[in-house]
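For reference, chains read A, B, C, D, E and F in written order, and residue numbers begin at 1 within each chain.
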Amino acid sequence: MNEIAALQQSADALFLMLGAVMIFAMHAGFAFLEVGTVREKNQVNAMGKIITDWGVSTVVYFLVGFPLAYGINFWLDAGSLVNLINGQPVEGARGFDLLHCFFLTTFAACIPAIISGGIAERAKFWPQVAAGAIFAGLVYPLFESLIWGRFSCFQTWITKVAGAPFHDYAGSVVVHSVGGWLALPAVIILGQRIGRWLNGKSQDIPISNIPFLSLGSWILAIGWFGFNVMSAQDFEGITGLVAVNSLFAMVGGILFAVVFSKNDPGFVHNGALAGLIAICAGSDLVHPFGAFFIGGIGALIFIFGFKLETEKLRIDDVLGVWPLHGITGSWGGIAAGIFGQKALGGLGGVSLGAQLIGTVSAAVWALLAATVVYSVLKATVGIRLESHEEERGADLSIHKIGAYPERHIR
Amino acid sequence: MNEIAALQQSADALFLMLGAVMIFAMHAGFAFLEVGTVREKNQVNAMGKIITDWGVSTVVYFLVGFPLAYGINFWLDAGSLVNLINGQPVEGARGFDLLHCFFLTTFAACIPAIISGGIAERAKFWPQVAAGAIFAGLVYPLFESLIWGRFSCFQTWITKVAGAPFHDYAGSVVVHSVGGWLALPAVIILGQRIGRWLNGKSQDIPISNIPFLSLGSWILAIGWFGFNVMSAQDFEGITGLVAVNSLFAMVGGILFAVVFSKNDPGFVHNGALAGLIAICAGSDLVHPFGAFFIGGIGALIFIFGFKLETEKLRIDDVLGVWPLHGITGSWGGIAAGIFGQKALGGLGGVSLGAQLIGTVSAAVWALLAATVVYSVLKATVGIRLESHEEERGADLSIHKIGAYPERHIR
Amino acid sequence: MNEIAALQQSADALFLMLGAVMIFAMHAGFAFLEVGTVREKNQVNAMGKIITDWGVSTVVYFLVGFPLAYGINFWLDAGSLVNLINGQPVEGARGFDLLHCFFLTTFAACIPAIISGGIAERAKFWPQVAAGAIFAGLVYPLFESLIWGRFSCFQTWITKVAGAPFHDYAGSVVVHSVGGWLALPAVIILGQRIGRWLNGKSQDIPISNIPFLSLGSWILAIGWFGFNVMSAQDFEGITGLVAVNSLFAMVGGILFAVVFSKNDPGFVHNGALAGLIAICAGSDLVHPFGAFFIGGIGALIFIFGFKLETEKLRIDDVLGVWPLHGITGSWGGIAAGIFGQKALGGLGGVSLGAQLIGTVSAAVWALLAATVVYSVLKATVGIRLESHEEERGADLSIHKIGAYPERHIR
Amino acid sequence: MKYIIAVIQPSRLEAVKEALSEIEVFRLTITDAQGLGRQRGHTEIYRGHEYKVNLVQKVKLEIAVSDEYVEPTIEAISNAARSGEEGRIGDGKIFILPMDEVVRIRTRERGEDAI
Amino acid sequence: MKYIIAVIQPSRLEAVKEALSEIEVFRLTITDAQGLGRQRGHTEIYRGHEYKVNLVQKVKLEIAVSDEYVEPTIEAISNAARSGEEGRIGDGKIFILPMDEVVRIRTRERGEDAI
Amino acid sequence: MKYIIAVIQPSRLEAVKEALSEIEVFRLTITDAQGLGRQRGHTEIYRGHEYKVNLVQKVKLEIAVSDEYVEPTIEAISNAARSGEEGRIGDGKIFILPMDEVVRIRTRERGEDAI
C-alpha cells in the first residue's frame, strides 16, 4: 500500500477512534448529570444504570443494530475484521469497520442514557435494562437504517415529495429526539415519584448536588465536539464549520438560559446541552451566527418546555429529558431546514419540508415503540419499584449500598 | 486538490480542533478549582461565572477581539467561511480560520476565568460579566495584536532595541500574566471578604472541598498539553519538545511545592499549575531539565507570593490568581529569556532584554486597564454584593439556590 | 524533507502525544478511585500520593528508567533532542524520542499509582515515595527492557523454548501485573489498618464516596483507549482492532460484574477496569468476542480474588489492587496465549507457553523486588504511620489539613 | 413550664410541624439524630462484605411550653408522628422534662412570655 | 445545678464562646440545629420551581453549671448572642433545666466538682 | 424517671452501646456534637495559614431510664466510655436530669412502660 493511502487509513482510524472515545466519555457526563439531580439515596443507581446500559448497548448494537442498519456483521476471524471497509476486504484497512461500529455504538448507547434521566429514582433495574437493549438493538437502528443506513427507500421518497433528503448531520433527530420521545411514554407509564404531588399541590423534589450536575454538563459539552465533528466519519470530511457551529449553539444556549432563567444553574448547565442538541442536525450547514440562535432557542424550549411538562402536564421527568432531548432535538431537525438555507447564510441544499417529515416521523416512531415496549414490560415483569423500595431509595433497594457508606454506616 | 494537500488541511483542522477542545475542557478545571476553594455557599456562583464568562468571551472575541487582532472577520456566508485561511479564500480549507479563531477564543476566555478566582465570594454577577467582556473583547486582543497579531510595530521596535522579538510561545505573558495582573486591581478595588480580617487579625476562611479543587487542577493540567502543544497552530509545527517541557515544568512545580510547602495540598495542586504557567512562553525553546527548574521556581513564586499577598499586603485574592497567573506568568516570560539561551541547552535566538520589555509592558497594560475598568464600574453600577447578600452567600443571593439543595431544603 | 515524510513525522508526534496525555489523565482516575474508597480522613493523602508519585516517576524514568530500558538518554541540548529517533539524529523528528519517553513514562508512573491503592490509609508518605521511585526507575524498567526494550536475550530464549516470544501489547503483564504483584508484599509487610479485624472478626471499613470512586473509574476507562491504542507507538500501526477489543473487554467486565456481584457498584466500576487490564496484552491479537470473555473472566477474578484476599487471607488491600492489577493482569498475559490463537478467531503467532513464562517471571520478579524494598524500608526508616497518626487520619497527620476544611474548622 | 423532647421518624416531620401549628405551637428546635431501639436496622453489602447498620435515622424536636400546652402538644405530636393507623415500631417517643426558666435573648423577657 | 440549653444564631457562636470564657465557663457541648420560630425562612428557586425553606440554621449550646453560675451564664449569653444593638428576631432562647447529678467519666467525680 | 445525657468520645460509641445492652438498656438516641472543655483542639495548616480548631468531635447519648436503672447506666457508660485504663482528658460527662413523663408514640403508653 502506498504511503499516502497508508496515512489516509491511519488518519481515518485515529479520527473515528478519537470521536468514539470522546462520545464514550460523554456517558460519564450522563451519569453525573443524573447523579447530581437525583436525591442522594439514588446516586449509586444513577451510575449503575448508565454503565450497565453502556455495556448492554455495545453488545446488542454490534450483534444486531449495526448489521441491521448497515448490513455488516462481525462473524469473521480477527484477521479478516481488521481489513474491512464497508464490508469489503481492503488491505491495511486498520479495522475501519470495527471503529465505524464503535463510533456508531456510542450514538446508540445515548438512547438508554437519555431515558435513564427521565425515569430516575423509581424504575426497576432489569426491566429498564431490557428496554434499553430493545431500543439500542432494534428501535434506534431501524430508524437509523432509513436515514443514514442501507435502506434508502424512505430518503428517496422524502426527496421526491420535498425536493431534498432529510438532513441530520450528527443526530439531533436520529439520536436525541428519538431518545427524548422514547422517554416520554416511559415516564408517563412509570408515573410520578412518591411525594412529587401532595394532594394536588406540586412538591418539587430538591436535587442533591449541583457541582456533580455541572460536572456532568461539562463532560457532555466537551465530548460533544467529538459527537459533532467526528460525525464526518471520514478524515477528509472534517470541517471547522461543524466545530464552530457547535460552539456557537452551545454558547447561545448558555447565554439565553442565563438571561431567561435568571441565572438558574439547572437551566444554564442544561442550556448548554440544549444548544448542542439543537445544532447536531445542521452543524455542517448553518452559519455560526445562525447556530447561536438555534442554540438559544433550544435553551428557551427546554426552560419553558420543562416547566410546562412538569407543572402543567404533571409529567415527572426528573432530568427533563423529553423537553431537552425530545422537543429540542426536533427543533434541531427543523432548524436545519430554516437556518440551513442560503438566504440565512447557510450552505443550502436542504428542504424545510424534508426536515419536517423526518423530524415528525422520528417522534411518532419513538412514541409508538416506547408505548408498546413499556406497556408490555409493565403488564409482565413490572417496571416500577415497590413503594417501600422507592422510599428507601434505589441505592439500598437495588445495590444494597448507599452512595456515602462512611457517613451512615456505624 | 491533491491528496497530500487534502491530508494537510484535514490534519491542520483536526490539530486545531483538538487543541481548542482540550482548552475548552480546561474551563471546567477553572470552575472546579474555584468550587473547591470557595465556601459551599458560593459554589453555584463559581460555576455560573465560569460558564457565563465562557459564553460571553466567545461572542465578543469572534465579533471584536479576533478581527481586531488578526484583521479577519466572519461576516460572510457559511460557504465562504469554510474556505478561508488567514482571510484568503482557499479551496478545501476545512474552515481553518473558524478553527483558528475557536482555538484563540479559548485563550481569551481564560482572562475572565482567571480573574473569577480572585474576586470570588463577593462580586456582583453582571458587572463582572461586563468587565470580562471588555477584557476578552478589547484589552486582551489589543495586546495580543501587538505580540502575535497584525500590528508588528511593537515587536519590530523590541527587536531593534533588544536584538530579538519578544518570545511567548503559548502565553505565559500574553494570556496568564495579563489575566493575573488584571485581577490584582480587581481584587484590591473590590476589597476583602467580610470576616477575612477581624480587628487587625488575619482570619483565613477555610476552603470547602479539596477533592473538587484537585479535580480542577487535574483537568487544567491535562488540557494544558493542548494549550501548549497546539500553540504551534499548524500540524507541521508540532514538536515533542513543547509537550515534554510542559511535563517537566509541571513536575518541577509539583515536587518543589511538595517539599517547600510541606505537602500542603493547596500548594501542591496549584504548584503543578504554576509550573505549567511558567513554561508556556519558553516551552518551544528550553531544555526539559531547564523546564523543570522554570516550573519549580514558578511554584516557589506562588507559595511565597501568595503568603506575601494575602498576609502582608492583605489582598484577599481567594485563589491567589495574581501570584499564580500574574507573577508566575511574568516569571515565565523572563525565564524564556534565560533558559532559552544556547548556553543553558536551549534553542537560543531569544533575548532577555526583549523578554523583560514584553513582560513588563504586559503587566503595566493590565494594571492600567483593570484599574480603569473596575474604578468606572464601581463608581457606576457597583461591583460588590451587599454585605447581607455576601453573608447569605452568592448562591442564594444571585442564583436563588444553594449547591446542595437536598441537604438544606426541607 | 518531503511533504509526506513531514506528515508522517507530525502524525507520529501527535499520536504519541495524545496517547501520553490520555494516560496522564488516567492518573486523575487513580486518584479519584482511591479518594472514593478511603475514608474522608485520608482523601487528601490519596491525592497527594498520586500527584507526587507522578512527579517522581517522571524524573526517575527520564533519567534512569528509559535510558536503562532503551539505551537512550537526554543529556543533549534541546536542539539535538528534537531531532532524535531511537537515539539517532533525524531532521524534522519533531522530538520523537522525547515523546516516546513521555509516553512510556506514563506507563512507569502507573506502578506507584497501583500500589498506592493497596497501602492506603496507613502508609508513611516519604518512604512510599522512595519505594515508588525505585520501582519506576529500576524495577519496572529492568523487566521492561527484557520484554520491550534493548535486552533481547530473554525473549530470544523464550522463543527458543516456547516457539514464540512473550507477547504483551499494552502491558497487562509488564505494567499491571508487575504493579499488582509489587503491591502484594507491600500490603502484607505494612499490615492491616487499625480496626480492620476486631478480635478475629472481619470489620470491613466503609468507603467514603461512591460517586468519586466511579468518577475515577470512568476517567481510567476513557484514558485506557490511549493506553491500548497508542501502544502501537507509531501512527502507521494504529488499528481499530485494539480499540474495539478494549471496548469489548471492558463491557465484558462490566456485565459479568453486574450479574455476578448482584449489581455491587464497587465490583461493577472495578469490573470495567479488570476487563481493560486483562485485554492489554492481547488487544492486538484476539477477536472482539474473545475480548468480551477475557474481560468478563477478569472481572470474576477480581470479584472472587478480592473476597479471598481480604476475608480468607486477611490481607488488607484497600482497593484490591493485587487481584485487580496483579492476578487479572497475569490472566491477561495468559489469555492472550489462548484467545490469540487462530483457532479462536485470533491472529495467531502467539504461544501459550511463552505467555506463561513471561507472566510467571513478571510475578516472581515483582514479588522479590517488593519484598526486598519494603523489608529494607521497614527495617530502616519505617513504612507505617504511628497508630495515633493513623487514627487521626493521614490527612491531618501528613498534610495538616482535612479534605473538607469548611465543615470541621470553626 | 416544661421542656418537651420528641424523637420521631424523619418522614413524619412535615405532618408534626403542621399539627403543632394548628394548636399554635409555632416554635421549636430540630436536630437530626440516630436512634437505637426496638426498630431493627438494616444490612448493606459492598464488595461482598456485609455491614450491619443498627442505628436508624430520626429527627429530634425540642419544644419549650407553658404547662397548659403540655397535653395538647403531646396529643398533637403523638397523633401526627404515627405512621399509618395504629403506628409502626420506631415511631418514637416524647419525653417531658421540667424547666425552671426561659429567656428570650432578643428582648431579655423571661418566663411564660419568653416561650 | 442547672442544665442550660441555648439556641443561638450560628454567626454569634464565636462571640458567645468568648463571653463565656470571660466568666470562666470553659466547658460546653455544641450541636447544629434548625429552628422554627418567629424568624421567617427564605425561598429558593430551581428550574423555575419555588422551595419554601422555613427552617433556619441555629446552633445549640448545652452547658451544665452550678447554681451560682446560672445568672452570669444567662447574662453572658444573652449579651453576646444578640445581633446588633437591640437584637434581631431569631436571636434565640435560653432554657434552664434542673439537673440532679453530673459525672465526669474520666475521674468518676460527681456533683459540683464534676462540672 | 431520669433523662440521662452523656457526652463521649466518638471512638467509644461501640463499646458504650455494648455495655448498655449488657445491662439491658437497649434504647437511646444519638447525636453528633462538638465539645469545648479541658481537652485541647488541634491546628490545621492550609496554604501557609494556621487554623485553630478548638472544638472536638463528640457523640451525645440521650437515655430515658426509670430510677432503678440510673446507677447501672451511669456505671456502664463511665466504664465503657473511658479510653485506656485511667481514662484520658476529653472522655466526657454524664448529666442526669429529672423527667416527669414519657410517651411512646406508637402505643400512647405512658410512664415506666413507655421507657
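Throughout what follows, contacts are C-beta pairs under 8 Å (C-beta built on N, C-alpha and C of every residue); 3 or more make two chains touch, one makes a residue touch a chain.
A quick note: this is a predicted structure, and the numbers were derived from the prediction, not measured.
Asks: Which neighbours does chain C have in common with chain E?
Replies: Correct list: A, B, D, F.
Asks: Between chain E and chain D, is it the same set of residue numbers doing the touching on each side, over half shared, or a different set?
Replies: Mostly different residues form this interface, as fewer than half of the numbers used are common to both chains.
Asks: Tally the contacting C-beta pairs at the C-F interface and at the D-F interface, and name the larger one.
Replies: The greater number of contacts lies at D-F.
Asks: Determine the centre-to-centre distance between chain A and chain C, using the mean Cα coordinates as centres, and give it in whole Å.
Replies: 33
Asks: Could you tell me the distance, in whole angstrom, between the mean C-alpha positions of chain B and chain F?
Replies: Centre-to-centre distance between chain B and chain F: 53 Å.
Asks: At which residue positions does chain A touch at least two other chains?
Replies: Chain A, residues with two or more chain partners: 4, 7, 11, 18, 206-207, 215, 262, 264-266, 400-402, 405, 409-410.
Asks: Which chain E residues reach two or more other chains?
Replies: 31, 45-46, 51, 55, 97-98
Asks: Give every touching pair of chains, nothing left out.
Replies: A-B, A-C, A-D, A-E, B-C, B-E, B-F, C-D, C-F, D-E, D-F, E-F
Asks: How about chain C: which of its residues touch chain B in the complex?
Replies: 3-4, 6-7, 10-11, 13-14, 16-18, 20-21, 24-25, 27-28, 31-32, 35, 43-44, 47-48, 51-52, 54-56, 58-59, 62, 74, 77-79, 81-82, 94-99, 101-102, 105, 125, 212, 215, 398-407, 409-410
Asks: Flag every residue of chain B that touches chain F in the complex, lowest number first.
Replies: 202, 204, 206-207, 261-262, 264-267, 303, 306-307, 310-311, 320
Asks: In the complex formed with chain C, which residues of chain D make contact?
Replies: Going by the criterion above, the answer is residues 45-49, 51.
Asks: Please give the residue numbers of chain F that touch chain E in the complex, ascending.
Replies: 2, 5-8, 31-38, 55, 58, 60, 74, 77-78, 81-82, 86-98
Asks: Which residues, counting only chain A, touch chain B once they are in their complex?
Replies: 4, 7-8, 11, 15, 18, 22, 39-40, 206-211, 214-215, 218-219, 221-222, 225-226, 229, 235-236, 238-244, 247-248, 250-251, 254-255, 258, 262-266, 268-269, 272, 285-290, 292, 342, 345-347
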